[in-house]
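Chain lettering (A, B, C and D) follows the sequence in which the chains are written, and residue indices restart at 1 in each chain.
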């Protein structure tokens, strides 16, 4: 039973990864690509981590996997912010609220 | 199950290859760096699959290090040293 | 002989020759520093492909140790090359 | 079925590696070249795991994919926004065409010869390998990770000299002039990430240092992670990147080489050859050397990124460093990039 659950989660994760990559290739401009893929690949990794954690069945490994996911979430959110800021800065000058 | 994981790894590798196309094509540096981020995340996923596939628990450690370092190069790209142009406000 | 060994070994040789070719080309300093790094990475890949003994066996740890220190030394050498380039630019700006 | 799927994955990764190298070296735009190099480092880390070299993969993930990218991007700043003019200023006058053609032919010939030699050598491998020596003697080395055993025991001379090479490189960097200017204090978003990542990097570095005795890890990987923490601190506004100043800085730089020499000479006092540890002591001595080397390597790598001595900083930067402790977002007009 857990095997199937893990498999289904991993499969769903793969779909998100593929969706992210296709979005990266197909979407028209940088901001929409940023919007789409920072969600897609993080959800994809989350589902993959969930599937692998269930499969491993060992709480220590599961915790390490979740830690990897949380780190990727944080880094990718900040990276997306920095990249969008740089692009905006280049296009319209410094931002002074 | 191992066969399923292996095919999953192939799918992730293909997804990674698709992401690389955007790294090649850009057009802007931001586009490339964004795509490199996706390649990094996909690479982390691939490493997590390598752990059970190759029987190497240290593969997850490598994924952890990649995740820890993911933001460093993006930050180095986007932050500018004082005294350089673009920094005068 | 394993398939992956051959694939990655040949890729390493390709990268090594490519990097070596570009080191000697007339280009910006940064490009040549990158070329040395690619050539080095290709050589590392070749070494580790030779050390590989298949999925079920332990590989030869001696090349692993060499490459491990090589990566760290390559970073330091890259930093030195870039610092030299920076100094060179400062000197030519002064003139 | 399984071997074919693995072969497809391997082919994909290998082709991507060569394509990234090619495209990076062929690009006119320096930023493109650097981003492609970062992608290359990421893929290489995967390949190291695939080839059962997790020790190298850890170092590559930290250095190849992270620190080198940061170093190259900071050097790009010198080229004034990497303008084409800056590129041409450093490029010598173009060589004659036959020059390039000859080089290409020569390097392709080299690749073919090496390729044939490689495949031939794989088919005629000598069954007696140095690796067997390592595994036979590993029990006496004080550690159970063979790579650490080679680095810190069987070939400790090599590692000592490699640390000396790193030290020489960074002394060269120090001799070449003042440090690069620091970065302005960062905005709240990046600062928040730094506050999370720096402690985690230190903890993970400590874990890898400790694990290095029996699992993949060790001084080089731990040092690279500590260095990444320093690089993050510098990017967030601390011009010294967490490095101390004065005597403490110099002490850290030479820590690895010094620990090696002290241990090597101490075992000589006990009547043994240089760096030939007594079996009972080997584990502790290796851990002691590795701990010192971790700090030494980290300091060396951060100094290479700072590109100079950390104490040389104008007053302006001191303010930025204070802002790190108490982020003054209003005073800085928000996040600046």
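To be clear about the criterion, a contact is a pair of C-beta atoms (placed from the backbone, for glycine too) under 8 Å apart; a residue touches a chain by one contact, two chains touch by 3 or more.
What you see is a predicted model, and the numbers here were worked out from it, not measured in a lab.
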Key: Pair joined by the larger number of C-beta contacts - C-D, A-D   = C-D
Query = Using C-alpha centroids, which chain lies at the maximum separation from chain C?
reply = A
Remark   = Note: chain D sits from chain C at a C-alpha centroid distance in Å of 12
Key: Centroid spacing, where centroids are CA-atom means, of chain A and chain D in whole angstrom   = 27
Note = chain A to chain C, mean C-alpha position gap in Å, rounds to 31
Inquiry  = Distance between chain B and chain D based on Cα centroids, please, to the nearest Å.
reply    = 18
Contacts with 2+ other chains: residues of chain D = 6, 48, 50, 52, 67, 71, 180, 190, 193, 197, 200, 333, 336-337
Message = Residues of chain B that contact two or more other chains, please.
response = 14, 16, 33, 54, 64, 68, 70-71, 75, 77-79, 86, 89
Task = Find every residue in chain C that makes contact with two or more other chains and list them.
result = 55
Request  = Spell out all pairs of chains that touch, sorted by label.
outcome  = A-B, A-D, B-D, C-D
Inquiry  = Help me check something: in the complex, which residues belonging to chain A touch chain D?
reply    = 71, 74-75, 78, 81-82, 85-86, 89, 94-97
Of all residues in chain D, those that touch chain B in their complex = 1-2, 5-6, 8-9, 12-13, 16, 19-20, 23, 29, 31-32, 35-36, 38-39, 42-43, 45-46, 48-50, 52, 54, 57-58, 61-62, 65-67, 69-71, 73-74, 77, 80-81, 180-184, 186, 190, 193, 197, 200-201, 204, 208, 215-217, 221, 225, 228, 231-232, 235, 316-317, 320, 333, 336-337
Ask   = Can you list the residues on chain C that touch chain D in the complex?
value = 1, 3-11, 13-22, 24-31, 34-35, 37-38, 41-42, 44-46, 48-53, 55, 58-62, 64-69, 71-73, 75-80, 82-90, 92
Interfacial residue positions of chain B with respect to chain A in the complex = 1, 4-5, 8, 11-12, 14-16, 18-19, 21-22, 28, 30-31, 33-35, 37-38, 41-42, 44-45, 48-49, 51-52, 57, 60, 63-64, 67-68, 70-71, 74-75, 77-79, 86, 89
Footprint of chain C on chain D - complex, ascending = 3, 6-7, 10-11, 14-15, 17-18, 21-22, 24-25, 30, 33-34, 37, 40, 44, 47-48, 50-53, 55-56, 59-60, 63-64, 67-68, 71-72, 75-76, 78-79, 87, 89-95, 100, 103-104, 106-108, 110-111, 114-115, 118-119, 121-123, 129-131, 134-135, 146-147, 149-151, 155, 158-159, 162, 165-166, 169-170, 172-173, 176-177, 180, 218, 220, 223-224, 297, 300-301, 304-305, 307
